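Remarks on the structure that follows.
Chain IDs A, B, C and D follow the sequence of writing; residue 1 opens each chain.
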Amino acid sequence: MTGTIPLQYFLIISTLMFFTGIYGFLTRKNLITMLMSIELILNSVNINFVAFNRYLYPENLHGHFFSLIVIAVAAAEAAVAIAIIINIYRNFRSIDVDKVDEMKF
Amino acid sequence: MIDYTYTLLIPLIPLAVFLFTGLAGSKLKPQVSGLIGTTGLFAVTILSYLTAIRYFWTDHVAGTGYASMKAFEIQWLHLTEKLTINLGILLDPIAVMMLVVVSTVSFMVHIYSLGYMKGEKGFARFYTFLSLFTFSMLGLVLATNIFQMYIFWELVGVSSFLLIGFYYEKPSAVSASKKAFIVTRFADLGFLIGILMLSFMTETFDFRTLVSPTGPAMAQAGGATFLGLSAITWALIFVFMGGAGKSAMFPLHIWLPDAMEGPTPVSALIHAATMVVAGVYLVARLFPVYSLVAPDALHVVAWVGGISSLFAAIIACTQTDIKRVLAYSTMSQIGYMMLALGVSGYGGHDGLGFMAGNFHLFTHAMFKALLFLGAGAIIHAVHSNDMRDMGGLRKYLPITHITFLIACLTIAGIPPLSGFFSKDEILVAAFHHNMPLFIIEFAVAGLTAFYMFRLYYSIFWGKETHYHHTPHEAPATMTIPLLVLAFGSVFSGFLPFHNLVTSDGQPFETHIDYMVAVPSVLIGILGIVVATIMYRKVSGAPLKVSTGFGNFYTWAYHKFYMDEVYLFVTKKILFNLVSRPVAWFDRHIVDGFMNLIARVIERSAYLIKGFQSGRIQQYGYVFVSGTIVLVIIFIYIW
Amino acid sequence: MNILSLFVLIPVLTCVGIVFTKNMKQTRLVSAVGMSIQLILSGILVYLYLTERQAGNMAEMLFTYDALWFPTLNIHYTVGVDGISVAMIALTGIVVFAGIFASWKMEFLSREFFISLILLATGVFGFFISLDLFTMFLFYEIAVIPMYLLIGIWGSGPKEYSAMKLTLMLMGGSALLMVGLLGIYFYSAPAGGQLTWNLLEISKINIPIEMQRFLFPFTFIGFGILGALFPFHTWSPDGHASAPTAVSMLHAGVLMKLGGYGAFRVAIFLMPEAAQEQAWIFLILTSISVVYGAFGAIWQKDLKYINAYSSVSHCGLVLFAVLMMNQTAFNGAIIQMISHGLMTALFFALIGMIYGRTHTRMINEMGGLMKVMPFLGVVYVIAGLASLGLPGLSGFVAEMTIFFGAYQHTDTFHRILTIMATTSIVVTAVYILRVVGILLLGPIKNDHFLHLDDAKWYERLSTITLVLAIAAIGIAPLWLSDMINVSLAPIVNKITMAGFEFTSLF
Amino acid sequence: MRHELSLVAIALILLVTDLMLKPSQKPRIIPVAVVLFSIHTILGFLPACEGILFGGMFRATALIGMMKNVLNVGVLIILLQSYTWIMKEENRDKMSEYFILMFSTLTGMYFMISSGDFLMFYLGLETATIPMAALAAYTHHQTKSAEAGVKLILSSALSSGILLFGLSLIYGSTGSIYFSDVAQLYSNAPMQVLAFLFFFSGMAFKISLVPFHLWTADVYEGSPINVTSYFSVISKGAASFILVLILYKVFFQLVYVWQDLLYIISVLTMVVGNLFALRQKNMKRFLAFSSIAQAGFILLGMIAGSQMGMTSVIYFVLVYIFSNLGAFGVVSAIEASTGKINMGDYDGLYHTNPKLSLLMMLSMFSLAGIPPVAGFFGKFFLFTSAASAGYYWLVFIAVLNATISLYYYLMVVKAMFINKTDTPIAKFRSDNMTRAGLILSGLGILVVGFWAQVYEFIFNLSVGLF
């Protein structure tokens, strides 16, 4: 099984996801979309962990556990983030990230 | 060893008077301060005469030279292992001679001022300053080492400053005192540099060690050269610069005429008899060094003296302020003394110049003090300094007239008054050693007679001026000193100086050299005759003569524009081209640079504020690119 | 209790006492009592020191006390004095005492004023008694920082700007200093063993020459900034001009001495080889300071600026002498510090008193003050004469010792610089007499001045104290000079061991 | 583990108590929280057993206990100082949340500091961060507060994403997430350097090092003031602790990389922090930038890589807690009483509120590193550590920056003492709890420096690189 798909493929996809996430974070104007981009980043990390674990260090499960925890934390993070975004919406009547620049310089 | 420790009292009495009147002066009645000062000086005079008599005659073993002795010495400060500054009292012929001069003139001036300064606001202050001056001058005279001399040299400078500026509410007095101090201070810088060099080479300050023919100074005769002169020659020229400043030698003389802004007794004491001859005294002190090690420096002394005496005599012929005429005359006479030292050799008859210089110093002190005090009496009577405001005063001021006339004859070198003897010796010395200088001095002798009698006639003869108040003779406190000094002027020429004050302490024989004496007396008489013709009665002759000289007269009248040159150098060059740019540079460049740093920091703070745009995405952008830059640095470059 | 620790303790207690005072009268009384005790204590210290030396105690430092503070960094609270520090402490005692009386009428926030002032004094005293580089630095900064408040709150003119500039420039100096001191610490045991901050122990070893080359400029300039080293002196004119009287007095009088003292005690003493190598650069700078400060003073119109530039010149002379690196010059430098401290304090006191009456410091607006305030006038003239180096007053002794010491240098370059530096005495005379002439003499320019009064008792007390000290040094300098000389011996030995050839050794 | 357990217990007690209190009785939660936390703080100083738990995921050593105690002291002061603010009407109904959220983040920090592997570390980090965002957005009716919350949560999510990516690479290259294993297996292969840099940038975000600092000022300004002080000292302190531990314990093979890295970053941080702080008028924003500059100084201690370095970092954080909380305490007292937050409002403060002004001045001097207050010692030891590793020029740059920072700290002093105004802040009296908080920080500022035992105690616990 391990011979079929080389590890590099996973790494390439995860790296692509990582940078896509970053790209999304830097360019999307909607706060929710930005949050989704973060999730992309976190997922790319998960892929990494799992792939490394499976391919390189199958004798223990550090990578797997790590990715599980990351998923859980990501959920918590998303919850809080969305709560705050709602708050933003209440205050700014918008969730456009460029509007949220009252404090600067 | 004969005990001279009591001589310590000589400088200490004036010091005590100074401290007492200075601190308690405002509580005392003014006259009391005056009397205390005068009494103190009386004691000093007695002690000085006693010392002189003991030193020259009583304690002296006939047939031996006059040794120099340290009556007293304490350590004041030690600089290095070898260089120690001591304060003490050195007695040797010239010191004792100066002691007599200083105490006599100072005592006379103290008495005289009781009358002259009566009713002045700062009477007590005047006496305080006089005591300070007397203390400093005595300390200078009795100095055992060159550094002590420098210390008191500065102190006389400051006393002179205080006394010239005595009328401190008068701007001219203030600026004159300032000028005097600064010019002499500049000269003192030369003195200091001279001492620095001399002490570095010889590792001693002590006069006795310095002048000892086997001393360290003598070993320096060769040494490194700079511009063809050996180091010690330079050192001595620098030392002489100090002397030239104090003695108002060309071109450092400009302060002396202005110093006449001070009260007249001060001019008599400081600027005629004592302080101004300090330069001569200094050269005389170091004479063996000059003579044996650095003859080149001695040439400088001689020529500076000669030029100054001619220069001053010419100017004196044109001035109308009587005190200024006397001031230039002083400068001219000191030029004589310097010249005498400059042409002298060391030991025996070669040292004639040395003896003559000191002799002239002595007689000059008497007659010049007399002239100034006389001038003071005149000013006291007519309340003016300008000879054009005077005339025909002989009727009103008989005593002043007679004593003044005596002084004029003395300075003109008419035998058998004292001036004849001393001046004659100088001319003889010059005649034998340096012909060009002799010719100059010969001419100056004539000029001297001329301008003194010009002064004399303008004051006491000439036109009858109408005075607001009828001038009256001065009180006894002022006339007695005149008479005493007149006595001194007449008879001091008979003192056997060639036995007492010589370059090597050994007596030698002198005689009048008719080859020199006769012409010099004749030219003196010629000067008097010319003056008589021109000034005895009101006539157009002076005007004609002055126009005859044309520009030269104008130049001389304006003192050859020396003041202007100095003003140009100080105000225009030093102030405007150095000081002002320095101040500007400091404020704008140095300080500006510091402010610029602050400005740059502030400015850059504004420039980079765009990074903090308030937008999350830009923050993210910076974050990511920061990481990437670090990655590039540490993986690819590092 | 170690007598030296009292020098820090008494000011601190005085400050605490001031906190509990209710009004200005009590405040100044407490300050005056505290600082009088301090002055007496300084006198006692001088006496004890001299007796101890007389008794033959030739230890390098006397009255030492040592307490371990930060063991791991080997930081100690180490105090001890030699003749040099004793002299500086006495100076500080006198100036602070005079300063308290010069600010007798400080109405505005008087408690805060006196506390800051005494805090400053604490720093200075602490600096002079410290033998440990860390505590030395600590006290150094303690002394610097109250200046900001003192100038900023009670100053005049562009006080905020001046205060800021002064503080920042001095702190910039301590940036350099910090590097220097840390470097010294980490090379204090090149052969292995315990690193130390102790001055005496460091002096026993030789810091490697490469490090000296690196550290010496840091240390020297760091202290030099406080000592008004050209071109880092510009805080001084502004700072002095804006500061209130007592602060100018303390600052120019003692604080600037920290610079000279530190440059000498730390930079030169611990790193003689580098000092010797690099001296020429700093000698040129200090010679410039000396002459340049004097010329700068001529053109100023404000009394305080004149005095500030004059301080630049005189303090330049201190550093100049220190760099000449021989015993006589060192001695001269110390005497000059004391002398300048006294006379500049006197100057600032007088300027403050005159300003308090005429409400101007511009010399061309004043004139003829001698007539209305003879006491202040006479004292001003005395201060001026001291400054221009009149024999019988302290300035002369100091300058002459420096010039003669410096001229003993075997190198012609040094001797030429010495001669350059001597020219300053003429320029000094020019600006001092100019001020005296315009300010005190001549006719009275402003009728309003006719009604001014002369000095009050506290002002007299303040100035007379300083004048007496100036005259005492000027008339009998030998005891001071000897006291310093004995203590210079170890320092000179250290430098001599560094292979420096001396022409003057006792 | 005692720290964690008791803190969690406190949080739970508060949660339960809150349920039982009627709305009018809500303020009673405050004394309960404060008293409990004080007890917790004091208990923390008792000697605790050392050891490891969860198979090496959790470590407890005396050093780590000390770090937690340092944080506890800070939190206690913040709790005291927030009294006036939390008692405001608008906060009535969510009072206990403030405490509970704060204690949760603190628990997260405990775990983060105590972590023995990257998993625990990450978990602690997020436990510390996520409630913090909630705290930032605590006063949800204020736009600024909401903005602060969103900026914090999004930025920190990005940063932890990058950090995690780095961790995944570390795992990939070493096969372990345990610190001890990673340390053995690490080398300076490019990928490992890359992973380290990713990790570092995530940490740099927490300590707000330039260029990862941009969120700081906005979040600090927008958050309620006491939350800001929590961010600026506790969160920063905890992150510094774990960074220094991880750098020394895990990445010591990369020492030559991270020394250079810290060099660059610290210079950048000090300079940029100072330059921004120079122009600030809002006190919170001003303190935010000043705290960025202070973070740059902390790196000077880390760079030494020695026992002395670690000591100086911990010691500095302790001192910094006191000094910064002194400043924040004053700002918070004034804001709570008068609502004024600009530097211009402080003009003439000394004449109306001398004690506050004095405390503020002490804090400013302490932050600037002026003796005799503690900040001097803190900075001095940092510089000593850097110099011990031979970084003299870095020390020089740092002290120059300290001088620049002195400029703006003095601006505050100037406003209070020198500037004159017709409308100074009126005289007011803070409540006792706030005063206690202020006095505590003032005492800390005055005492910690001279009290050498503090430093020695920390030193004995600290460890070096090798």
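In the analysis below, contacts are C-beta pairs under 8 Å (C-beta built on N, C-alpha and C of every residue); 3 or more make two chains touch, one makes a residue touch a chain.
Treat the numbers as computed from the prediction; the structure is a model and nothing was measured.
Asks: Using direct touches as single steps, what is the fewest number of steps from subunit A over to subunit C?
Replies: 2
Asks: Could you tell me which pair, C-D or A-D, is linked by more C-beta pairs in contact?
Replies: A-D
Asks: If you average the CA atoms of subunit A and of subunit D, how far apart do the two points sit, in angstrom?
Replies: From the centre of subunit A to the centre of subunit D is 27 Å.
Asks: Could you tell me the distance, in whole angstrom, between the mean C-alpha positions of subunit C and subunit D?
Replies: About 42 Å, centre to centre.
Asks: Could you work out how far the Cα centre of subunit B sits from that of subunit C, in whole Å?
Replies: It comes to 37 Å between the two C-alpha centres.
Asks: When the centre of a chain is set as the mean of its C-alpha atoms, what distance in Å lies between subunit A and subunit B?
Replies: One centre to the other, that is 97 Å.
Asks: Scan subunit D for residues touching two or more other chains and write them down.
Replies: In subunit D, residues 150-151, 154, 158, 162, 217-218, 279 touch at least two other chains, as defined above.
Asks: On subunit B, where are the residues touching two or more other chains?
Replies: In subunit B, the residues touching two or more other chains are 609, 612, 614, 616, 620, 624.
Asks: Which parts of subunit C, given as residue numbers and ranges, touch two or more other chains?
Replies: 168
Asks: Could you list each pair of chains that touch one another?
Replies: Chain-chain contacts present: A-B, A-D, B-C, B-D, C-D.
Asks: Spell out the residues on subunit B that touch subunit A in their complex, using ranges where they run on.
Replies: These residues of subunit B touch subunit A: 609, 612-617, 620-621, 624.
Asks: In the complex of these two chains, what residues of subunit C are touching subunit D?
Replies: So the residues of subunit C in touch with subunit D come to 69-73, 75, 134, 138-139, 141-142, 145, 148-149, 152-153, 159-160, 164, 167-168, 171-172, 174-176, 178-179, 182-183, 185-186, 214, 218.
Asks: Can you list the residues on subunit B that touch subunit C in the complex?
Replies: That would be residues 75-81, 83, 85, 147, 150-152, 154-155, 158, 161, 165, 168-171, 174-175, 178, 181-182, 185-186, 189, 192-193, 196-197, 199-200, 574-575, 578-580, 582-583, 586, 590-591, 593-594, 598 of subunit B.
Asks: What residues of subunit A sit close enough to touch subunit B in their complex?
Replies: Interface residues on the subunit A side: 22, 25-27, 34, 97-98, 100-105.
Asks: Which stretch or stretches of subunit D touch subunit C in the complex?
Replies: Touching subunit C: residues 308, 311, 365, 370-372, 376, 380-381, 383-384, 387-388, 392, 395-396, 399-400, 402-403, 406-407, 410, 413-414, 417-418, 452, 455-456, 459 of subunit D.
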